[in-house]
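Accompanying notes for the structure given below.
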């Protein structure tokens, strides 16, 4: 596995070329692809050339966003399918292999079973469309109870449910985005991660939680940097990720606005070191 | 439909014969059967005779408790099946046709899908075992968010989910226990009740809610007497029940400890009048 | 309900304008719309004008084909979604309200549950996309065992399964295409049709079966004209359709090549009379 | 894994003590337990002593029949649950760890989804009841099309469906009975067995098929001895079983009446040698 600079996940407004420079400078192993940047390059050849340059700087691609909104109204979902081939073309030209999205853990209209059918149906279709481009889809379940309990029908908010959803799609190119924050807030332990293999994991996020809140009071958008408070058992989490033989990107997604106010080199040096610690741990 | 005296639902400790006397005195149309009382009578013939006497006083049977704990550990569930024929024999001898239970709206171990399978499997089996005795099973969904959100996995807590569960059992002798309190706390309206028929409803409860709490703050065990605060649209609720052509028992289940401290005749006179208003409304 | 001329179902190569003329001449109540013809008209206004003319001749629209192949490979399904808005525009301009397709009753790769998920997912999406155009989708289950038993995994081939599929989509604009031939070969009776309403039925086909074959030996593409052999209980079938309050098109789909070899006026006169008999029956 | 003498599977009427003697004489590694024999012994202590004696002769226990009919009418299923503790007690006293049953691959009343729910519900319950006694349940899917196509609703008849059923029960003590005959008639290959582990397999049967019939014409009760005709790829099958690290019993179940007419020592010598070949193969 390798550390990845994902400016969006850090809440930093860095353009793609700056991100690449900073990722290389601060010793990250990878950087997130930027579909809009690829689109602006104007041709497959230019995208491919750009990707070569990134690779030459020792950086691997992290994960792009899934360019289809899984739970949008049918018309919007259809429109995204119309646009999809162009995006896939660019991602394939760049050699990107991972895209991801999160699963909204509640709904005000669709009950658990209706929402399940919606996700199985849409996800199966999109997975089949992406398979030909060599793309894997990562799904992130969202753990905080302060989030999933806010509408009439709670939905997938645990690892077990996410794995069953993936199994039901029958797709071999769909896996998990494992985030220590969701694993912790979902009340899960290292034991729950047993049996996972590299094929089951598309991306890994590590974050810590506030020390002054109980698990069920934690907020999705108010986290801490990994190894900060020690609330989350990152040793147990990363131990299981290592045991799975995971080979993909690891990033931080703390939702801390304060990061954007600090000197960027200071922030990235710190993040990179924390990720190195996680990647090295065994 | 007819008003029913259910001492348990009112939190009153009345023995069965007293309940029958009071139900007749205060003009209730029915009274809940008491399986323990039947058992103590010692024979089918005695139970049958007792039931005749109740009927002669102008009272119909309300609903008995389902004598099988649907979501108990397997061993306990099996033990209840062992005992079941004896209970069915007594209920049949008494001419009871309705038994009911509530659906626990959350679980700490079983996720929504696992719990669904458990309920479909157990309920199908029990429904088939009860069908030969001419018994219908009523299921009560529980609406308050302050209840369903208290464990890791929220479960059935709305009419729509309860109806889908019933449909999946394939049983024709399973229906709903409709409680205005759950209907209100689940965020449902009269429209949600459209299309129901007498065959879909096994029992009806009417209650009101506290006026000083928002819907999502209402507590399952802290309600108000019907037509008390006006928080719950009992006109809309009972209108839909009438439209369904419902012919069964209607009772009150307020979970108000204060009732047990008032003179019982005063309480029952009041309850009976409130039920008459509901039964008469069209 | 009204009799409909569907040249395709009769195996006749009639262009759309000829079909309209013949339908009017032979006293049919409706005629099938022709999407290709609409497309060739070139504009919404022209389609609308054409539809007015058809209506002025006393004809209603039957059912068009669903312009999306539900079980095609993902890429092909996506391509159909890309083209869909144009087709919907034409159908809406013509005032067509019914489109339909049949469910392939077996699969060599997808087992029953996988195929079910595929159909639920695709159908839900397409139904939502069609709802805005005021279109209802009819689904025809295919009954002959000589067809559903020919691949590894039999799929939906009965009314009950088709109804459960429709219920699971949650869509209110999906219903059944009832064909007496599938109803007979599926081993169903008038009792199985009880409880259906006009909202559940999008189209009705009436056919008879060969008298020299057992039910399980009947071939999907070798049928008889309605009321021909009397093998199929068309009185029971149409009685149930009447009881449902059905208001839509009724056609014949005999898969008899001999029809194309007879004088067309003779054939249509005969078909129209047989449909009149079915439509009149009560 | 070890070869097992299962008189019932061979169609031989041998009493339990004779079976044990013959199994030891002919070099089998195990013998099937006999619940009726255990019951006749009259006490746990006697059963335990008997089991010790069998073990001292170098024989392991094969698999007993599951003492609950999974798809019986509800009343019959309940009755079996009433009797279950006694049977479990005997099996536990004997140190038996494997019981099994086959899945009827079709139904005339229950469609695939209804039958699925019945099996998930019943199997989950029974598995939980058996878990405390340390018993694993093996399920045998039945492959021949000449069998699953004989009623209105084909059901589980492939490995994939059987595995999904087991997964849905959520039980960790349910696995497969793999029979090369069903694997062949279901159109499966060694690839389909990839990924299985010892925990997934409760028992293994090896049989060959008639050489004068196509796969879809093979009859469930007309097979051949393993390695006889070479129709079934037993090398591929046993290679996969070895790769899974399987440690349990292997037996033959040829449904050949002729075996009962031959000298029993001749038959068992032959069967034992064929099983040795399978067990040794890698």
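The first chain written gets the first letter, and so on, giving A, B, C and D; residue counts start at 1 in each chain.
Throughout what follows, a residue touches a chain if its C-beta (ideal position, glycine included) is under 8 Å from a C-beta of that chain, and two chains touch if they have at least 3 such contacts.
These numbers come from a predicted model, not from an experiment.
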item: Both-way neighbours, i.e. chains that touch subunit D and touch subunit C; value: none
item: Cα-superposition angle relating the copies subunit B and subunit A, to nearest 5°; value: 180
item: Distance between chain centroids, defined by C-alpha means - subunit A, subunit B (Å); value: 47
item: Geometric centre distance via CA averages, subunit D-subunit A, whole Å; value: 45
item: Touch-based graph of the chains, sorted into line, ring, star, complete or other; value: ring
item: Interchain contacts (touch definition) - all pairs; value: A-B, A-C, B-D, C-D
item: Touch list for subunit B against partner subunit D, complex; value: 73-75, 77-78, 81-82, 84, 114, 117-118, 120-122, 124-125, 128-129, 132, 168-170
item: Of subunit A, residues touching subunit B in the complex; value: 111-113, 116, 145, 149, 152-154, 158, 160-161, 164, 186-187
